[in-house]
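Alright, structures below, take your time with them.
One chain, chain A, appears in both complexes that follow, with chain B as partner in the first and chain C in the second.
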Partner chain A sequence: MDSTNWMDRRFETGARYLARLTSRRSFLTRLGTLLVGAASIPLLPMSRAAAQAADAGFREPDIDGDAGDPMNCNYWRYCSIDGFMSPCCGGSASSCPPGTEMSAVTWIGTCQNPADGNDYLISYNDCCGKSPCGQCFCNNNEDDMPVYVTGRSNNINWCLAHSTTAYHSTVALVLGRADG
Partner chain B sequence: MVRIALALLTFAFGLAAAGAGSAASPRFNYILHCQGCHLADGGATPGKIPPLIGTGRFLAVEGGREFLVRVPGVSLSIVPDDELAELINWMLFRFSADDVPADFEPYTAEEVGRYRQEPLVEVETVRVGLIGPYDETPE
Partner chain C sequence: MISRTWLAGLAIGITATPGFAQEFDAFGRSEVLPEPERDWMFVDYSLVDVTDDRYLGLIGVAETFSPAAIEFSPDGSSLFALETFYTRGNRGDRTDTVTIFDTVTLGVAGEVVIPAKRALALIVKGALALTDNGRFLGVFNLTPATSISVVDIEAGTFVGEISTPGCSLVFSGGDLRYLMICANGDLLTVTVDEVGREVSKERTESFFDPEIDPLREAGVRFGDEWLFVSFDGTMHSVDVAGEIPRIGESWSLLSEADREENWRITGRQPLAVHEQSGRLYVLARQSEEPLDDPADWDGTEIWAFDLATRERVQRLEARPELEEGGGPGGAIGSTSGDGTSNIQVTQGDEPLLVAVSDTGISVRHALNGDYLHERLENAPASGWLSLRIR
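Now for the complex of A and B:
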């Protein structure tokens, strides 16, 4: 019986303590916030194309000495970029800014990494779905071909095959060693 | 190195110097010249870019062997004949191995060089005539 009294005392103390600190209204407010918040998570914008890319298991290979400033037009990966550099627009050299989607269809070239002297295959995917970023325009044209060799030209809006064709900015993904 | 090699290959192609030793692997050529549109898995972009998956089916019909070389992406590419032959053979087994007939003879540089002289314009019409419409949903 002692133990019941002990438990009773503990619960009574706890309940009174809780009652002092909180009100029924605050409980309802928090419960409401939780319910509405949880229900609205699926409504938040997200990049489904990026999600698909992640599903496909794309991951940049580890590169020794990926040196340089991704916000500088001379960054080695940009040897054949033509567009606004994604890191200046809220993204990174390998990810698109929030609110845009990475085009799957793209143009691919090669660049030499000065840190290790190797050539790498670089995929210049465009970020689509918003008006042009307008920051850090960069136009380098190593191995770029005229637009009539469409598949080998960086002058194309590569959002053309995306669900939304508005061009915003460009990333430079390292696909792997060019001699691998 | 590769950039220099590519420049040399382009030059060699300009001279129509077929039969030169292959410098670039089919995998490399695929990524550089095809993957941008046909994606890493050869899947379709519905309504815009046809799939490479299933292309082996063309080999089973009359005219299909020529078709696979005469489509614009292949015939008008800047890949020289010998590497192009190697690349097509590689793609067929990479993306459509189950469809390649058992008696398939690999493409040769000479054969590819011949077919690509006549690039297709009405691709869709010819394709439908060969294997019919296909399901464009990605596999």
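Now for the complex of A and C:
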């Protein structure tokens, strides 16, 4: 794949993904119906989009402690990701694929871990220095902000501070509790 | 045995027009464009005649690390684009340029090397801005420190860099001024002198509150005003005519009834203005939930507002009911793939409304909504729509 098309890929694959799935918030809607007694249920409105996704055969990820499935776009850490998921590209949710460099600066989101119900700060670092991975595109935008709120925008190539800005993939690091 | 060649020659002899003599082509000829017309529109870097459904040519921008952000000289003779190069393809030393294209030959007319800092982000509006006097091109830098690089178009030189901490994107704010949007919702005014050097920077506080209702980046120009729409459908304006940019009264595109029906303003290129009639066209769709990023969701309707009265005067289906859609993912600008992502309107007496949809690019008469082309056959499937002539 041509490295110059990283952004096209973000748009293209994201568009296909959007067409099939709905937002993380919709996912939480469905999840909320599963977590009997969860305090968040009253806060989560039912959505037509969610119903449509369910009709299309949407598969709930297996939630078991922190594990979940890091190769699934609905993995809890990915609530504000916009890029190719590193585990599909030879890395993990917290490490970059071989031969790439983790971006030093990045955008920060807040995601809820369904295993314990706590909110965590997530750092979405891009993996830099190679052509786009092209595997497992994931575009969730929970609390994504426009580019002028720089540190909370996922519409930026965060390899921008590196000597080479080629975008390859993205990790989601848990930095700590959002409320602590 | 009679050879096939002989038979073929006989056949040609029978069918050829008496006296016909094939002329030979001259080698090496390239087209140049005639006088530009108002219905010429760039779809990303491709120039298309949207009336005749004709592909006119391509601006040869080498690298597309960000969407097709372009600016035109006031007389329309030059087009400015941003390019990024590495000495080894996707690695090595980085060079950023402002590249100047001739809009008649569509060839490169010049380039100015700028600091290798330009923002590599999914933005079109705000990536670069030409001052209203047509002389100084500002380029938004993000390293992630924010600044603008100023290029003197007349002299063909890089003038300098202006630090703009906390403020991003760049819009023209008059003859010698830029506007930028700050992370806390302030508006930054950057003034330059007659040679493009920084004179002053001033913040206008509380233009909006990004924590409550952020502005979309994709602003549009209407005369001396910049118009921006918020995530929640509120229009904000900045008038740059006076000595100090003046923030206008904000107003909502959504009535109470619209809100009850969960209408929201969406699309990657959600706004377009027809100057002469003062009509603002916007993309809208229904969603019960607020959308985390409205740019990712196509509009299902196009609404037109009279900017003088702020009344909605027109309501159109966003795209034709074509059975065979192109589907999402054609190129830049594709989004949820179930409606229209980008709109633009040509200027003049008979404006055309051009829309990028999952079914391709449609063209209709803006004032009555009648289709001229339900789908352009000789145009890219999608892309950012830029006017060749305002």
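We take it that the second predicted complex is superposed on the first by the 116 of 180 C-alpha atoms of A that agree within 3 Å, B and C clash if a C-alpha of one lies under 4 Å from a C-alpha of the other, contacts with A are read in each partner's own complex, and residues count from 1 in each chain.
The rule we apply is simple: contacts are C-beta pairs under 8 Å (C-beta built on N, C-alpha and C of every residue); 3 or more make two chains touch, one makes a residue touch a chain.
Just so we're clear, the structure is a prediction, and the values are computed from it rather than from any experiment.
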item: When both partners are placed on the shared chain, which of chain B and chain C touches more of chain A; value: C
item: Which superposed partner A:161 touches (first chain B, second chain C, both, neither); value: both
item: Which superposed partner A:144 touches (first chain B, second chain C, both, neither); value: second
item: Touching partner for A:130 - first (chain B), second (chain C), both, neither; value: second
item: First, second, both or neither for A:116, with chain B first and chain C second; value: neither
item: First, second, both or neither for A:105, with chain B first and chain C second; value: both
item: Residues of chain A that lie at the interface with chain B and also at the interface with chain C; value: 105, 142-143, 145, 149, 151, 160-161
item: Contact footprint of chain C on chain A as seen in their complex; value: 3-8, 10-16, 18-19, 23-26, 45-49, 105, 129-131, 139-151, 153, 155-157, 159-161, 163-166
item: Contact set on chain B toward chain A in their complex; value: 1-3, 6, 28, 31-37, 39-41, 45, 48-49, 73, 76-78
item: Chain A - residues contacting chain B, complex; value: 56, 58, 104-110, 112, 119, 121, 123, 142-143, 145, 149, 151-152, 158, 160-161, 175-176, 178-180
item: Interfacial residue positions of chain C with respect to chain A in the complex; value: 63-67, 84, 86, 89-92, 94, 119-123, 126, 142-144, 146, 167-169, 180-183, 210, 214-217, 287-289, 291-293, 296-297, 328-338
